[in-house]
């Protein structure tokens, strides 16, 4: 059936590779010394990480007052960044799990790095709810543990608590999903590398994998199960994140459309980020044969559709407001488009709805630089979407007397930059120490030419 | 073969380890739990003697417990109500008087060390003398000390008929006062729950467990 | 982490074990019984060591119990050792941790309101109004509320100063007595300047002190004087008196610029009197009619039924016209042809005149002009209206303003001529409050003996050879007769914190007597007050004294005042002077008045009731003028007094409702030493100082006061204003000033929010529920009533918007009761002020004549509270008694609750707000946790008072009576606008208020079920006049 | 039983699949096969029964969901009912999200650890590599030499037609091949 699938499609892996080639090509970046480009990238992102760390330290030591928040606007950059990163985290699982369920073989090119990206993005996301607390050091009070307070548990009615569970579950499951997928490849690396630290580490992490068909059989089942679990999880997580707002009373937050709207947005931004990374990885790590234009195009189309859904959501919000007859609701949306923060709103609309429409044109979605520009813009736009929802709704709510304005401080900006630092530092390291593409899956999915492979390194040693 | 033996040994070891751990945990106290705290006091004052043997009522000295939030540490002149005359333990005084009769002389005042300490802080040469204005106060060490954000009011509890011992334990049997209960929030709350359910010596009470009862 | 709140723990431990003073001195504060042994409070408390503050503070801490041992507890190990120092001898009646209330008299200003002081273990903590008091009727203004911070002020002088060096009283006394005796023998002019002295005893001792000298006189100088009124009465009635205005008897009040609800003479007294006629009921839809003609937008103007914008320099003309019209009504002939055109329309004048004439004998015309001629016209009008003896009482006149401008101007001339040998200054910062400061300072330099009694090193004290610091009013024995026949007593509530001495005592020393203030006071009462006693039960002086001391005041027979017949010929019409380009009006800010309280951070951070600006004074400019000069809030402008070199640079503030020719600047700012507030509030990377380097809090505008023909005039022409291009950002607590949402984003049909609902009297008369906006109510059904039955108490509050004047006394009352921190200008600028109760001020209406409404807004304690649902850790939940509880120690600070609060009344501790001033920390209320960084806080409906009330009732086995528990804001509201109580008790005041047809709840339609209700505002108007104030009107966009 | 096994190494998954089919039809006992990636259809060729791990997943998930639901109900309305914004003590809707997350968490971890358990995978386990390139590009079929009829040369000959790369005989330790 996989034949049927691929018969009338351009090959997933180009440049007639044998199984051995696949192994060698994908492991090449790990064997080779990092390129200057890598070092540069790593340096930049690590510096950013340090800046962020300093900002966070200062903020925790001094107080939330070091952020531009006030009595009216209790959330600004912090939760905006949180939602932004969670959103990005979504595409990873989506690509690897959902596409897996739909037997979309082309996913094999990207799923490994997409999963890794999920992991790192969720890490970045997790930081913000933590540090946004006035008393971070008491964050553990969010966990319902037996205590000497009588016992005083937690408030399961609070969406924020749902968040805690959703995010941590999501992080854990994605990690497991990623690791399970990695095991056979670790075994491959183990067997092809000379005795040394890498062999030692991989032989521990590969759990003594020996490629037995019986294990493969069970493995497939479990992988399928995980995919099945992860898929609803992806949707649940952003649904719950959206409930932070949807269940509140603030006009502009209190909207039933949020769950689907947020999920679509999340996938949208996630895809954008995946493409961004893949384009970079493809260039820097010479994986053109594995990440083909076909992949890029497929994902661009997916992104285009998501962009349209998001656009629809924006429109619907206004319709709902107008239709509801709720003056506060109507005001908030009018204020979004025309009020003091309209610039943010229009940035969002431009980047998320207008720009992606270019992808209808095949020429555009097959020219890498253009695609790259577009995905970057989408990333920006999706950040602004969260900013608009959070800040513009808060800054003008029910009583005009308490209307306020919001300007981020250097500390906030530094923290935001730091989160990118963390993300890219992790990702660059990942590219170095783990196969960026799922070797076993590519082998399984791609149809390779039948001929004896040239000798592999292992044999050379033997000889 | 030998591996299984090793495993068995390991398991047994683990099992005993757990038992030891469990028994140890009962001794553990969470941070800020001062249960059993019994600091040394500047004057060796025995509640066992006064409240226990002599059966002096708690509120004879801790007068404020009934009227105020704080039971209060009695002002030093309260001690002098008795210790103007009682300068040492009863039998020591008796002996002196007997001796004095035999020797046909006025019995001289014998002062025990603890009481001497009391008189010294008050700057008294003669126990019967008046207390001077600039007498120093005794730096007692606090035993029961709730966090700053907890408001406990003795009035309410005394009025409701809660016995002192309910929270302070058998003080009348303590040589040196120690914190008897954990005084943790859970401990308070549970007592309030019980009180509301069962009432206090027959009387129904509403011991609320609203936050604002203690925290404001 | 709340454990880290040492300040409170300091204070709390103080309360546990030990009051401030040792027990002997304690007796001094004891009520009559123990006081008879009458040794002076000071004697055994004044530290004898000469070292300035260090020692006495150490004494303080020592006295304050185990502060230090507690501070070491910071590290908070397993078993922190805390020592507890009991009394050596228990003072009678003192129960650890329980507060006693003492009756005394407020000396915040000369109004002399009754004061109840809560003293906790020897520390005065909370100032409350005295309900029985005949003037204040239980009200107390912001200044009175803020007294504790003035008391616990580390900048008060701790020792007398001789040539700037702190020294001992003996040296000072010796030196001064020697010089005095020289003057006595050698002759020389002795001048004694004080602010208005309402104290009989002080007056007496000043007189006796001055007797010795051939050439001596006592000059009364008020920073903001009403001299003109007194002078006017001298001319019209032959006696220089200030009438007692009986607004409670006035049905029509016409005020020319007199801010009688805010700062004028006796605001608290006037507010409660004014309020007594402002509450229409369905049965009797009547209320007084209040017209305000003024240049700037004053608090009083913002509460007027009809407000006419009139520049102060036009009062005379308008009054002349009014006088003419009324004399016509009265049938007296007054030839009008000598009158120029009136700056206000004839119809308005006629309407005004008619209103007044109808209410003859029940009306009053007030004016704050410092122009005698104008005041004479006012007297004339009041005479025509036959108000004297009714709404104006000159038989029992007020003593609250006695300042005499011509005297002080003469003194200045004397000083400049070097004719003065000895100058004594008490109760006023002479040089700060007068124009030409430097010239005056130089002149004072010529005086050989300058003695200041100032509490702190203010401007004049820095020029004085001797500074003999007076006690803080809460430390001293004194009395006050604000109104002839009402005498209040001041008793010390704690031993003096420093080595200070009351003025009467100092004067006695220098006259060779060494009586204590207590003796002097008592003696004076025995011989001159006791004889006036009317009540027969006080047969003996002792019982009279004890009773008065217990009550805090006594009503005695008034002394006869020679009030002559009205001299009509004194009245002369005023010419319509050619209008100057600008009229500068210098006013005193509500909650600050003169420089006296400029060191009180509570008051400095109190938003101005109208402008909502904190920590600064500024030039108010009308919107039209602002656009003409291209000014926005914060643009620094230069005010020049033409013809002189007096220049003042201040930020501008656009003030709706202000007269276009008027510029208004608040006095009492730019006080020496206020640079101390530079780093008040949190210090961090982007923090900006509250006071710019080298600057003070605001600028002193006294230099612009114009002295002309024996008058200090606070409204003047000959000024020019120019834009400098510099900016000085103002910290305002409100960004948007209208209930109307900005036009371009206003959804049709909902241009105006109905948080404040109002109606007109005529509409109200027809339909008491008029003014209710048409909103779609979603019903107020409880979905799960059985889950949360409120069977016991159900605490609730009702606020009458018709009574509330916006005076902001409640804000400080709450701040003092609930340990609300001072955050500093930068934090306010960042919209992070911490006040639990916020006074929302909204402008409404079109064009230049705007209406103002004030709305106190605090936690509404919603039964369906949105904040509670979203807290992940159950830090804010609902109590069985309907309170929205906030457990600080549980809060982790997600701020989700604040976001989800529709009223935005939650306050977050963005930083660890500084509490490092050990002395100031003694003002903290031990019954309330001091919140640490990162926790949310908000109005608790004074739950500590509720608990105290319930517990005490339980102890006494009595039910908790209605009104037994009063919230801080309610207790001292001068307008009694706030009612609090148990909504489950049908008889309670609050339940009654809830049945009022004017009742409504803010954002009720969302079914939050707030426990706080508001009573709709009624303006005494015809319907059409108020039409544009109705909710849901179509013309929106009047965003000012 | 005998402890000798025959290892047949292939270069392509199709050969392996065919060989497996044939060998099984011949009635020889296939002990296991080793492949660098999951070869589709191999389980059918080897005649493996569908895995029961799905049940583990289901049970864990249920435990998570029900357990959490009960816990939420217990804390919110039994041990300490607290009035939160006038909401009912026990409001099921607000319990759903957390319950769902708990279900997913338990199900996920449950099945993964079950997999490690039944497949005997643990950190640091010494892998038995039947053929060096089996995790790279070689496919190995392991046939039991149990029954008497089995003789190696004929078997090798038989496998030739599935272009086997090489064959080898091994002596397996006890229970080595499951």
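Chains: A, B, C and D, in written order; residue numbering restarts at 1 for each.
Just so it is clear, a residue touches a chain if its C-beta (ideal position, glycine included) is under 8 Å from a C-beta of that chain, and two chains touch if they have at least 3 such contacts.
Just so you know, these numbers come straight off a predicted model, no measurement behind them.
Q: By the contact definition above, name the pair with the higher C-beta contact count: B-C or C-D.
A: B-C
Q: Counting in whole Å, what is the centre-to-centre distance of chain B and chain C, each centre being its mean C-alpha position?
A: Between these chains, centre-to-centre, one finds 48 Å.
Q: How many angstrom lie between the CA centroids of chain C and chain D, rounded to a whole number?
A: 81
Q: Which integer distance in Å separates the CA centroid of chain A from that of chain B?
A: From the centre of chain A to the centre of chain B is 60 Å.
Q: Roughly how many whole angstrom separate the Cα centroids of chain B and chain D?
A: 66
Q: Indicate the residues of chain C shared as contacts by at least two other chains.
A: Answer for chain C, listing residues that touch two or more other chains: 866, 869, 871, 874, 877, 879-880, 890.
Q: So which bits of chain D are touching at least two other chains?
A: 80, 84-85, 87
Q: Considering chain A alone, which of its residues make contact with at least two other chains?
A: Correct list: 150-155, 157, 161.
Q: If you connect every pair of chains that touch, what shape comes out? Choose line, ring, star, complete or other.
A: Chain contacts: none of line, ring, star or complete; other.
Q: Touching residues of chain A toward chain D in the complex: what are they?
A: It comes out as residues 2, 18-20, 23, 144, 150-157, 161-162, 165-166, 169, 172-173, 176-177, 180, 183-184, 187-188, 190-192, 203-222, 225-226, 229-230, 232-233, 236, 240, 243, 439-441, 443-444, 450, 452-453, 456, 458-459, 462.
Q: Which residues of chain C touch chain A in the complex?
A: Its residues touching chain A are 1, 682, 684-686, 734-739, 741-742, 744-747, 749-750, 753, 755, 776, 827, 830-833, 838, 840-842, 855, 857, 866, 869-874, 890-896, 898-900, 902-904, 906-912, 933-936, 1002-1003, 1006, 1008.
Q: Note which residues of chain C are touching chain B in the complex, please.
A: The contact residues of chain C facing chain B are 2-3, 5, 8-9, 12, 15-18, 22, 24, 44, 78-90, 95-98, 792, 877, 879-881, 883, 885, 887-890, 927-930, 940, 943-944, 946-947, 951-952, 954-955, 957.
Q: With touch defined as at the start, can you tell me which chain B residues reach chain C in the complex?
A: Checking each residue of chain B against chain C gives 31, 34, 37, 39, 63-64, 66-70, 72-78, 122, 131, 133-142, 145, 147-149, 151, 153, 155-156, 158-160, 206, 208, 210-213, 215-216.
Q: Touching residues of chain B toward chain A in the complex: what are they?
A: Those residues of chain B that touch chain A are 30, 33, 182, 184-190, 209.
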